[in-house]
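Here you go, one structure.
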Amino acid sequence: MLLVFFACQTAFAEGPQSTPSIFSPASTPANDIYELSLFVLTITGAIFVTVAGLIAFVIFRYRQKGPDDTTEPAQIYGSTQVELAWTVIPVLIVVVLFLTTARMIFAIQDAPKPKAALDVTVVGHQFWWEFNYPKLGIRAVNELHVPVSDPQSPTPTYLTLLSADVIHSFWVPQLAGKTDVVPNNVNKLWIDPHHTGLYVGQCAQFCGVQHALMLLRVYVDTPEQFATWVKNQQQSAVSDENVAAGRHVFETQACMNCHSIAGTAATGRYGPDLTHLMSRATLASGAMDNTKDNLREWIRHPDTFKTGVLMPAMQLNDQQLDQVTAYLSTLR
Amino acid sequence: MADSTYPIPGSLETTPRRWSQAAILEWLNSWVITVDHKKLGILYILYAIFFLLVGGAEAIAIRIQLIHPNMHFLSPQVFNRIFTMHGTTMVFLFGMTYIFGFANYLIPLMIGARDMAFPRLNALSFWLTFFGGLLLYYSFIGGGGLYGAGNAPDVMWWAYAPLTERAFSPGHAPDYWALSLIVTGFGTIGASINVIATAFCMRCKGMTLMRLPVFVWVNATASGLALITITPLTAAQVMLLIDRYLGGHFFDTQAGGSAVVWAHFFWIFGHPEVYVLVLPAFAIANEVIPVFSRKAIFGYPAVVAASVGIAFVSLGVWAHHMFTIGMTSAGNAFFVLSTMLVGIPTSIKIFNWLATMWGGKIRFATPMLFCTAFVVQFLLAGLTGIMLSIAPWDWQLHNSYFVIAHFHYILVGAIAFCIFAGVYYWYPKVTGRMLSEKLGKWHFWLFLIGFHVTFDVMHIPGLLGMPRSIYTYEADRGWTGWNQIVSIGGFIQAIAVLIFAVNLIWSYFKGKEAGNDPWDAWTLEWATPSPPPAYNFATDPVVTSRRPLWDLKHPDDPDWHYE
Amino acid sequence: MSTVAVAQATAEQPWIQPSKGRVAMFCLIIAESAIFTIFVVAYIYNIGKSLYGPTPAQVLDVPLFNSICLLSSSLTIWLSERAIEHGKIKAFGLWWALTFVLGAVFLVGTGVEWNRLIYHDGLTISTNLFGTTFYSLVGLHASHVIIGLCMLLVVLLFTITGHVKEEHSERIQVLALYWHFVDAVWIVVFTVVYIIGR
């Protein structure tokens, strides 16, 4: 089975891919873990081959030869030397494994933070992700943009992990191990992706009915791409007179109680910020592609895509739906 | 193979009974009011098998839902209830009950006693467990009714706070979870006290502690561990109920309470709990392997010491379930070390079994087939456990399908395999008839294949980033194929278990007569008729070694020359 | 007819095993200790973590009198154990009744304290973290005192009606073990709540 797995190309590719394999690391923490895992696999593999080999030997060598072979074999009750040997060897293996592991724990968890690091605050909600860039004045949703990090002069991203409600877990396998986001608790995680592209992950701690659709998309950008994205996110919402009717629907139908749109009266913090809704590839934390039809259906009846989600259907009529969809579609 | 040098009259009652309605009611009543350890042991085992089938059906439902991305077999709400109930059922209603089934039936017989130390406590504990399980399953129809699966718990079997607080779980799901487990918890404590008191205070003459069968030692250890394992869970559940009903703030993060504390309390229960579940499986293997290898267990003192050592060390490893919750680096390192340390007595036991088989004359009857597979599978499960103990690697593997594969390797590959071995081994003693070897071999091979197809392959989606507790997954993640294979293995295992059920029922009526000692074994239970009479032993046995029947069968070479 | 007798020429030594009642009570005590440990740990962890509401220093008075009563009841029950061991049923009954009274005084005292805390100081189980952990821990102990008092009462009634005899001293001692446990737990709870936590 392992051979089949190892033969799978996707499991070990370089760079970002749609299968978030832990054996395709693209960032230092994930890479350190990958190398440690190979070391451990070698040791455990050797143990398995040895002991299972002995068991297989015993099964064949010492089986009853036939139904008439009924004499009892020599009764051996124990042997101090043998028992001592098979106690000492495991202890030695444990010592080696422990020291290697401890070293890596301290290296990853207590890594000093370089000056060039980017700070992002991640807030887990039921069932979406909020990304705040405090020094840049940006509030992003569901899709995290970070700059690529050159190993020669690293520009890692330091994530501060918070939760607004229950325990979630931030997991993008190719970039780092997972860390939980716990209410009333502050956790930290850092990544320094070496390759640009889209890395996928999802919430990894059961958090309620739509835990399965709390997906993560991390875009690792070149410095230029990142600067462009930041500049765009820092703008207030696009103001287009053509969709004033939709904006009016948005502001009067209680949408602004939960949602915020920079530069307007909508400042709700319970739901995602919609200022740059159209800059995202997906809606509802990865539940569906960001198309106009999906958006309209989502607003009409969120349960179509994500039953049990906390956004209520506001019972808008068709005209209101068209108007508000048109309005939201202008928010790049 | 029965040794006919014993002055023991025939085993099976052959006088035909005439069943009248009154007789049937009287028979049923005798089961309800019994305090006989044998009857209660059988009740526990029947209860366990019933919930094995129920939990297995829940597993099949899960596997059908996950065979393809975006299946609509189960809604998200129902899926979350089903996997929570699957875990809760298997751990508490199958795992905790099989332990006391085997222990209650066999311990008095193995130590030459008339019954357990406290027969009425025994009955009380069983019925508490029984009704606790019923309360848990009542949740499906209580509250909101069957559509949406009522109020069955849907918070994962670990019920992490604050998801379980009123604010996030307004219905009654966590209440059913907490209350039913508090009730079964009292049953467990009663049964555990009984096992320990029996093992230490009711032994027949000559049976010093160092002559106690390993089965009894290991079960007493498991029961002792259960006493200090189940109680933290009871405490935490009481705290949860205080939060939910009396406005308490233990886990209310808005008021300064801590979600991490629930995790600590739960895993302080949860980790030793898995040792409570697995030690009795070891106990079964410790009896079956020597008998079918035709050798005494290798290194009895070390086996006993390792079992007790496992129980102690397992109390200090719990936070390896919490490596990702944000403990300090020193905290993480400590739990890496303690978890690895528990692997040492465990590996010692594997070597002891290996050495018992070495130089023997192994008979591969069905019990031994299951035990041999158990040893290999347990070795592999232990190694994936070592992988998970490596905290940085665990930061990737935690809450993924790799972990599910690991613990099912233990729960099914070790525990279920040993339970099957134990049932095939002791069924003749309990019923007086042998189980069909032919059906047994079908059961074994099908189950082995299905087990490996499912749980070997299941490691892979975990390594490819698939988390657990999800009712569906994205189609482009490369997990679909692996999930399909896993599901197919599940169906194969289901067929094997059905064959087992058929075997149990068919052999009860048509199985070969067993006699009192069909396996040519050495512990005291094989010196009674099959099934044993209500009083077990007509006169109190006196023993002078660990294998009293070996001494009788080999008067020229008895054990007490060597012990 | 299933005799397994292989007794070689060993001298007829008495076959002594521990008393099952004592072993069982020890097991129960160990299990209960685990429950109390969890509540104590929760209490200690949450010291100082309340975000609002009355603090221990503000509202707690050290219940010295109550504690002396409860701890003395351990002495009186010990005296009653010694009495019944020597067959002095009357003395046993008196000391036993005194134990019950002392335990009841403790319980009433706790009730008075809670009455003041709830109605005068406004501290309930839902007020804040301190309230939750305080009432849970002290309440858990009080519930064990109640169970103990019930059992003491049952034995007291049987003593008054003359059913308790010297041969029951073993069982009395097992029950007394439970009462000693309840007192020992109070020492821990008292220290944690009224000394460390205040």
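Note that the chains take the letters A, B and C in the order they are written out, and that residue 1 is the start of every chain.
Following the convention adopted for this analysis, a residue touches a chain if its C-beta (ideal position, glycine included) is under 8 Å from a C-beta of that chain, and two chains touch if they have at least 3 such contacts.
Keep in mind the model is a prediction, meaning the values are calculated, not measured.
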{"item": "Overall pattern in which the protein chains touch one another (line/ring/star/complete/other)", "value": "line"}
{"item": "Between B-C and A-B, the pair joined by more C-beta contacts", "value": "A-B"}
{"item": "Intercentroid distance (Cα basis), subunit C paired with subunit A, Å", "value": "50"}
{"item": "Cα-centroid distance, subunit A relative to subunit B, in whole angstrom", "value": "34"}
{"item": "Geometric centre distance via CA averages, subunit C-subunit B, whole Å", "value": "34"}
{"item": "Subunit C, residues touching no fewer than two other chains", "value": "none"}
{"item": "Subunit B: positions in contact with at least two other chains", "value": "256-258"}
{"item": "Residues of subunit B defined as touching subunit C within the complex", "value": "6-9, 112, 117-118, 189, 192-194, 196-198, 200-203, 205-206, 224, 227-232, 234-236, 238-239, 242-243, 246-250, 255-258, 261, 265, 268, 524, 527-529, 537-539, 541-545, 548-549, 551-552, 558, 560"}
{"item": "In the complex with subunit B, residue positions of subunit A that touch it", "value": "1, 5, 10-11, 18-23, 29-30, 32-33, 36-37, 40-41, 44, 47-48, 51-52, 54-55, 58-59, 62-65, 69, 71-79, 82-83, 86-87, 90-91, 94, 97-98, 101-102, 104-106, 108-110, 126, 161, 165-167, 169, 171, 173, 176-180, 182-187, 200-213, 215, 286, 307-308"}
{"item": "Of subunit B, residues touching subunit A in the complex", "value": "75-77, 80, 154-156, 160, 162-163, 168, 253-254, 256-260, 293-296, 298-302, 324-326, 328-329, 332-333, 336-337, 340-341, 343-344, 347-348, 350-352, 354-355, 357-364, 372, 375-376, 379-380, 383-384, 386-387, 390-400, 456-457, 459-460, 463-465, 467-474, 476-479, 554, 557, 559, 562-563"}
{"item": "Subunit B partner contacts - residues on subunit C that touch it in the complex", "value": "1-8, 10, 15, 17-20, 23-24, 27-28, 30-35, 37-39, 42, 45-46, 49-51, 124-126, 128-129, 132-133, 136"}
